[in-house]
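Shown next, in structure tokens, is the structure this report addresses.
By written order: A, B, C and D. Residues from 1 in each chain.
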């Protein structure tokens, strides 16, 4: 049994990790850590977890954590991981970090987009970007996995086959993304107040969302072409789900069957990516509670553009589920272990 | 492996049966039947099921069905089962009926509340009311289980311990229930139009909902006292979940610890009933996607009333989940087989 | 023109007062006051108000306020009004208080249910309970109106005709209320976090909500019979609207037409109460954005109970709209001035 | 008083016309027409309208309609108006058509995008496209106004200043639109079933929505440059509201103040267009129930694109409100008569 520890168990990603890991046949949830809620029983905060036997929340002590666990999931806000991860690694631990602290290779970019001090370059260099479908080999050998952001997961899985094909002008990509509110986490704020969000839709952080350089970095890395994209997130009155609608300008004529074949062959052996019928319109509810990413392709001959639709559950494939998938890969397990979740519909 | 067949796979209960049964270790979904959609692949209607290998929809033929399956789940509208069930039983089949056709012992009551012709008395007499926590012994020997209605499940699990205790005046029970929209099924109608339901709440069928006699029958049967209750359903702008708020007039002074003990001891060995802390307020989201029924008790000394709060996921514990639980009991399996579902939160 | 001042303009009741008063032909919004946001332009907080010329937020100075305005609306949290109102009255001002500070005649009850120190008895004695349809004469002469709570408004308008008729056992009333989230105000808290409220329903404060004694006081006062009621509020995943479902035990046989006549005659000259057809099910959306209270009656002959359904928009009739209605009465204007709002549907 | 008639009063646009026109000081709702519900009282379908005195629904007779009314609003599905409008015009009537039947000048385009037979060219030629802010002079003289579609209204008001400026490459426009469900009308269908729409988001009709040629036609007409755009509509789990997020490639360097000035000066005397602060993110709730279109501009110097955000209430500015605005213009009234609606917030 893999002994896992979780930091940030009182957040939405943390509680979802518990849902997934408590049903994982090769895992034991050994420790739950918290900097603020030491001594708390999680079921007192989340009564829906009452039937699961869980350890009491413990304080954070990197040396002990590396000892007591085989891997630590960090589901804490940006900035926490930066401090904790180097200590865990130094103590011999393995880390899957769900924050943005180790996703960007360039500390300068982190500073510019996150408005915080980055981790040291030597630590950034240790991280493997855990977009499992594309970096599985590196993840296998990783001691530190930077679990991708929710938007980048949906965007990159949707765009990479085409980006690598060279059929789309790299800097033409416009990624218009729609997210449920859980992506903002469990912290209270006016921006997540029910009466402010319900029966309402808006864009936010136009041109300055911190997932922009993450998408650009991975597109550039996978294609070898420095890529600048347009990314706009929107807040949708729903709890879970991300839909990415991405527009790319074709550089040569392609037909639908080529496009479809490109995606089907790329993801043929990837159990969590489902390439949908040409011209279909995947809905976020169709992946609700599951680790799937459903992708559909549209070719608009009038405009010479391809439109990629990509949906995930931001809490699963966009966070906890992908983290478990990465753990499976790191420990040589079946990729789907603990993740055979049929979407909850309706 | 138990070979199951499902009638009504294109409805919400049917599709939820597939979610649950496809993950059940001792079950094979052998057949899907439909009177109208013969030849259809279910994934073309429900793309979220694409990864599950499922049989093509077949036409209904009771003799063949009894042959090809060990048990048939009937997830069809009221009226269909009445015709089909006797033929399935006659052909040697076993049936779990999710409709209301075999819940009421009295054909006359059925006629009065459903406004349709009832099944024949001889067939009604064969049915076991599948409120598993209370009728498990009978379910074990049943060939026909009438799976309880969604409201009666939440209401009866919440009320029965107190009703049997004699501490509450039987006819004083007022059951004010709140349900998500999925309880109305997948059929289109103005009453389930998004723009009519969203940002809206209303009562419906006050004093005349067909689940009223079902609740009364089981309260009466379990207590031996003919009981008349007040039941009011409400439509809530959400997809899944039922909350029952039930008010009973105490006939003698009790204290909270007695009440709590009554419930905890009654349900001590019932894995799907979670008696919550005294004075807590269970929320439907805390059982979302799971087979749990969470119950909390409140004692109002000012008024001499007990208030019982009871929540379920109407599609799981109120329909498909309870049906699988009944199948487990009928076939001598672990009660929780295929039903170890942690609520999806948030 | 009546010069009005508003304290608490950055809350939901305050901003709704502005919507209503800015369209009122005999009113000028003279001053907006705030203890914390002095100097702010309201449109910077609420861009939807940009087209309305509004005064800059000013600090609170009771003497000046009484001078500069003809009436002050206090839309501040419980506890603020208690301090401010006596000073405003002493300075010669008139006050319509939307908080709970002056609704209960008994300071002791306030202390017990609100958990705070009450206003002095001499000030409590000055307040008129502003349930306009029932206390219009007193409101005409009031210098201090305690604007009713949202739940009490829906409950009392629904219950009073029957309560006064003597046809219902006074202590049998069970009031099961369902409210949208805006009733909790604009303050941030986990309880109003979108991801916690959406796709969720729960009861709260069972047996101990502070609107309970308010309803009891007014029922008792109007009927002359000391009355104890059962009141349970529920949080519904919607922004606006309250539905009250109230159950009363009949003390004698009545028929539907008597009931209907009782309500129709009681409210014949009340423009904001609409008695709906017998047996109908009013929906909150049908009063959305308006000052109406729609009421429907159900008689359940099986149980001997009457069920009263009553819906309001909690922000309008349950707060700002009723406050404007009271202002109209205090100043001798048409009751409906500034309140001719057709519900926004859908 | 202007005598108005409404065809299609039982739909959402029809019922909103009644809300607006019943409060219009210079209008009398003279007739309601229906092809299917003759003899019905509208309040029996929409109890929220009970307090408004309305004529009984009458059958459709063009000659009588032209006689009895000064203007007829056609709020019927596409295809109905095509038949009725020529008869009304021939009988001397005036028409404001809310359907798509007279928006496209080219019958061929209509046939291609609507999949139906178009109106005759001679009748198409009579129609004035009622984007009031841009075509006010023509609307003044019109006998037939084709009221713009909901998406085109939000898109065109957002794009036209820039499109005319020449600062954006015409064919670079990508319009990603998000709409509430009421835009689909009141007809029942699986696509508007609450359980299918709630907690869900999806694109639909990618590359083939019938509002595409309408937007292109008006951009082309106003700029004199044949323009092809990319348009993608999305269904959002809310009732009212449209947000357009539009991306345009700048053809020359501009700065934010130029952009802002362009919009502010263009709409300086347009009471229903509110140009918001640079870099703001308008939310649909901020125009809820009102006739406003709020527009905000973003300049992304990294990508050389301008992003235009534009929000309307699809039922008001996107349908009934704009229709009333056009009526005001046709009859020489104040543009804002009957339309001084403050957004309902929250």
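The criterion applied here is as follows: a residue touches a chain if its C-beta (ideal position, glycine included) is under 8 Å from a C-beta of that chain, and two chains touch if they have at least 3 such contacts.
What you see is a predicted model; the values in this text were computed from it and never measured.
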| item | value |
| --- | --- |
| Label of the chain whose CA centroid is most distant from the centroid of chain A | C |
| Between the pairs B-C and B-D, the one where more C-beta pairs touch | B-C |
| Centre-of-Cα separation between chain B and chain A, whole angstrom | 36 |
| Between chain C and chain B, distance of the C-alpha-averaged centres to the nearest whole Å | 39 |
| Separation of mean Cα positions, chain D and chain B [Å, integer] | 46 |
| Touching two or more other chains - residue numbers and ranges from chain D | 12, 180, 182, 186, 195, 198-199, 237-240, 282, 285, 288, 346 |
| Residues of chain C that touch chain B when the two form their complex | 171, 174, 176, 178, 180, 195-196, 198-204, 206-207, 228-230, 232, 234, 236-241, 243, 245, 247, 279, 281-285, 288, 298-300, 302-303, 305, 307, 309, 311, 346 |
| Of chain B, residues touching chain A in the complex | 12, 15-16, 18-19, 22-23, 46-52, 182, 198-199, 239-240, 271, 274, 276, 280, 282, 285-290, 292, 294, 315, 340, 342-346 |
| Contact footprint of chain B on chain D as seen in their complex | 12, 180-182, 186, 188-190, 192-195, 197-199, 237-239 |
